[in-house]
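What follows is chain A paired twice: with chain B in the first complex and chain C in the second.
After this line comes the complex of A and B, so read on.
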């Protein structure tokens, strides 16, 4: 095999483009800001982003099964609120953490039940629960900030150092690895892909597509709950509107990583790399002293450029290699994954 | 042929090549079409007919080759360009939008025609449009009133007619028909052929793609035959036979095999009626679709279900398998009453269905062959919740060998296979679930003759091994050739039963049974 065909073969692996862009970005920030490539700095912003990685991983299940979950950001905020509240009331650490996770699971079940039993559009249902969860957090915090539990163990959930990283990061990595492995290797994961690729043929082949979707929403809710606990432990403070907009970062990250919004295609590591890309971008811009007002514009541009680049690099690789690669030409030119 | 006096061809495609990744779909293909001729384009699945037509209608670009239209070399790089040149295509799958009226459907996407007639008015004058198509619609049997009605309520032939009118509104010089008779009943086909002749007399060049070789004789004068992405030959159809065409399409060995299998139908008496009943349906009803249907299926029996389109054939099997809910009635599997409310339940009880409309209901396009094969019974390859890839590969490999599925490897996505091979993968999926009762809904729709013969062989073998089979097939030849017994449906009700078919075929011939079925299925209800 000659070098050109090797290069194109590597480029055509899904997710390589976003990974490459990520590495380039890290290099750029490292050279242009002294404080970027410093262990503390990295630890800080990755820790900050750990909850987003968690919901991105859960969300990927829903998207691959052919759905969407907009409620995860607000649910994550609410879960942070409930777990911190119980911890402040003096409940034991494990109970407070469980309450947070249960909050997320409960919303997952509500989403799943309405979507699968009443056959209501998932976009609208999760938009509804987004507002409910956001509103409940406002009620819970009573417009004030919930500040500080005295339970050191609760804070330790996300703040303990293990092998030089915080437990918040460890939890996120573990969750990503476990969920990815289950998605790619388990029989449930196979059914998730089947449901997303074709609801009808999967149904006729004896797959209980409603059950598959139900479970996917519960996973997504559960991960939002877990993310909330990690965030609450990390910040030790919760206010109304916390984690609002996280869902959009997660969705954008997943799409950047090549997860198809029409279902059936993608994987968790790629989605998380996409989310990591966005988190790093924000951190780098901050350190460069860019006006926060234009972060948003740059982030938006990066999402658009990233998605377009992903296709173009792949198509280029396709052309150079004499169209000799596995992925289907048509599918990539139709931009079907966006 | 007299080359000197031959009229100039309206279209010549020369040396057209097209590659899709690993597959050389077209390899220097030639096609020459003259005005006022019906030209058949023949070939098995994967021969490259569709790709060639996609190039001609501007849906995709060739890698190499020339397209010469009316003497000038041109590039058809967009469907609108094809329309502009006067090349129209009627697709195999109907592209009628049910909620629009017939008139709106006819002018859908006809920007060029619309703008020509609009004279700068921004709105559409429907009366004016209706006037413009009046002659055309009358010719093709669409009444003035029907123009204003939603297309949803019309039958297959009317929809086909709409497609034809739609293709003709822009006054095409070349009209491509891809399997135009699919979904049509026998008498409707005759009407369609009549319409094709009318077009021919108007000087339109017709390119006709079909798997039904017997249809082209008497209509088409010439045929271009393709095999494996190459042009095998252009032949004059005069004096040719179906067998000769098959030999061109698949090579002479395949042709002799095909003939052998067709005559394999035995004359022995039907012994199955004494075998145990594997499936019994009683009083099955579904509002507006199925009326009080009762039937028994025996072990080792092939039960055919006949009826016109809309008679409720697919609906019946869908209800049995749990795809559609039922209002009343019971289903007994192996003598025990069961409630089948989900296909999953059906699979657990040993039923399996190969659905009609492979592209929409059958394949999981993004999945590989092996993922498609194991889907209906993941349990077989699952250990502690995780999939054993080795086992999955082994199972799929054995089906690929057994059913002679043509593919580079097991990881190939199913959408890259030809129709016949896709169908075999879906058949493997069902067989992998070890069913006792198999339901085939139009099992050979849109697949080539050699794959068709193989599918038929599999069905017969399954029955021989004691499985119970239900077959739905619109083609009566196929249905009669396969079935031991045929039930006839009309308007959702069971209206006839013909037993002992193999014996009757050898005594009275195919035609007699065909007449009997047609008689039962098309009687006007009193």
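After this line comes the complex of A and C, so read on.
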């Protein structure tokens, strides 16, 4: 086992390239800006991005099962609105949080029911629920800003410090770990992959594909609900249009991390690393004082470069390890012929 | 015998209508229009009809281009931002003193170039279409923001541009954009139905592997689809610049979603291989009519998004329902015919 083959083996783990790019970016930002690599700064922006990690994790289930969920951003905003409203009405913390999560679950169930029972297009249905959830948030906030619950415990959902990090981050990490574990180890996770790889073969091997998809959308909705509660607790203020466009960050992050939009391929940690990449990029550009007008150009280019880099490193590593395998094979056949 | 045959043909025509991928939404639209005309006198005025048609132009151009891309099995999220960029090219170049028509040609070239870049990114670099066009959306928006420094573009309008934007009519209610739209719709229809390229679009969208095995250069076909979409975004950009008389840098935001929604309501499938130009127009009409009715009935602005969301879901459900209904009826007539033949 020489070093080169070890390196190729590490490189052929999917997602390593994007992780590497992420680390390089963090290093670059911390050398070029004094305020980037400061614990407070990191804590702040990761906390800000915790809801995005949550919805990315939930969305990954839907995408791997072969679907898409565009409604998560708007549902996250609406859940933030409902939980904060109930908290402002003086409901206990746990009840307000539950109502936020229930809002997300409800939208997950609505998406899932329409898509699986009527077999209609997921893109359009979730686009419809995106509009509905966004509209309901506008109705709820009535064009004003919902400001401030006096419930300290509610704010503590995202703001308490545990081992030097905030609970918002802890919740996000826990959710990612649990969901990743379930996806890779549980039989349900296997069924999600099978459904995404091919509906028909999955169906023939006895998988209730509609049920699998239904559950995936409910998970995605539930994570949006949880994300909403965390965001509401973090900001302690909600206005119409909150979290609009989060779904695109989540989708772009997932694809950047190697999740295939045609289903059946990907994993949650990689999707979250992709989302982390995008969140960090935005934060870093702000700190470097880059002209905000060209943020989007840089983000767009970074997405393109990231995807190409990830694919080409993976393919290169595969090719090299394939060549090594061939060489070993040749060596063994030569040995056996002797 | 002849009576029997005519009955069969009527039945089969009826079935074919019901099986049509956008029959459900057309029926729904007809119903809504009838109800509105009865209860809202201001709805059936000719002025309002012209309003609706004018407002649906922009989305129609984009939806036709999107339909071509969807047929070939892709998706183009960049159309809104490309439209804004081409509008910016036309507006800026004219205000720099360039001849209007030369500026239009530049706008179309920029549109087609963006499409070409999309196509190359997707086919040569194997970037997923959703991500490549999403990145192009951001890049286009960014270029537009940086170029204009966030300030709306003004001062490019001239008398001929008022005609081209459809603000002045050439004959009765007929404006130049309407004629352009009809021509574009016809050309793209013929392209899709009568040419090899059109056939290949459907083939690539249905199964790119079998199309490649049949010896077709799949990558080139896909690139053409994105170039057509970009070119149509260019036409939409020239039109919207004339219609709004000022170009805010983010004028195209959200149009990509409207275009996809219109194409899918009109029966295009996001899985590829299905879609029609007429469908795209029906979809664009659905979206525009919804906005128009919201304004006329006076639904509070905060409820508008909810109504639009319900309409989107209702439209795909209506299509689905008519499809199921048509399938059931055709099965029944088939059974009846078999019984008749055996008798």
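Methods note: the second predicted complex is superposed on the first by the 318 of 338 C-alpha atoms of A that agree within 3 Å, B and C clash if a C-alpha of one lies under 4 Å from a C-alpha of the other, contacts with A are read in each partner's own complex, and residues count from 1 in each chain.
Following the convention adopted for this analysis, a residue touches a chain if its C-beta (ideal position, glycine included) is under 8 Å from a C-beta of that chain, and two chains touch if they have at least 3 such contacts.
Every value quoted in this text rests on a predicted model; they were computed, and no experiment measured them.
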Message = Just checking: does A:145 make contact with chain B only, chain C only, both, or neither of them? Give me first, second, both or neither.
response = neither
Chain A: partner with more touched residues, chain B or chain C = C
Request  = Name the contact category of A:119: first (chain B only), second (chain C only), both, or neither.
outcome  = second
Query = So, A:32: does it touch chain B (first), chain C (second), both, or neither?
reply = neither
Ask   = In the superposed arrangement, does A:191 touch chain B (first), chain C (second), both or neither?
value = first
Remark   = chain A partner, complex, touching residues on chain C are 121, 125-128, 130-132, 134-139, 141-143, 145-146, 149-150, 257, 260-261, 264-265, 269-270, 302-313, 315-317, 319-320
Inquiry  = For a test of understanding, state which residues of chain A touch chain B in their complex under the given definition.
reply    = 185-188, 190-191, 193-194, 197-198, 200-208, 264-265, 322-326, 328-329
Key: chain A to chain C touching residues, read off their complex   = 114, 118-121, 123-125, 127-136, 138-139, 142-143, 240, 248, 251-252, 255-256, 260-261, 291, 293-301, 303-304, 307-308, 311
Residues on chain B engaged by chain A in the complex (per definition of touch) = 19-22, 321, 323, 342-344, 346-348, 353, 355, 360-367, 371, 375-379, 381-382, 385-387, 411, 413, 415-416, 429, 433
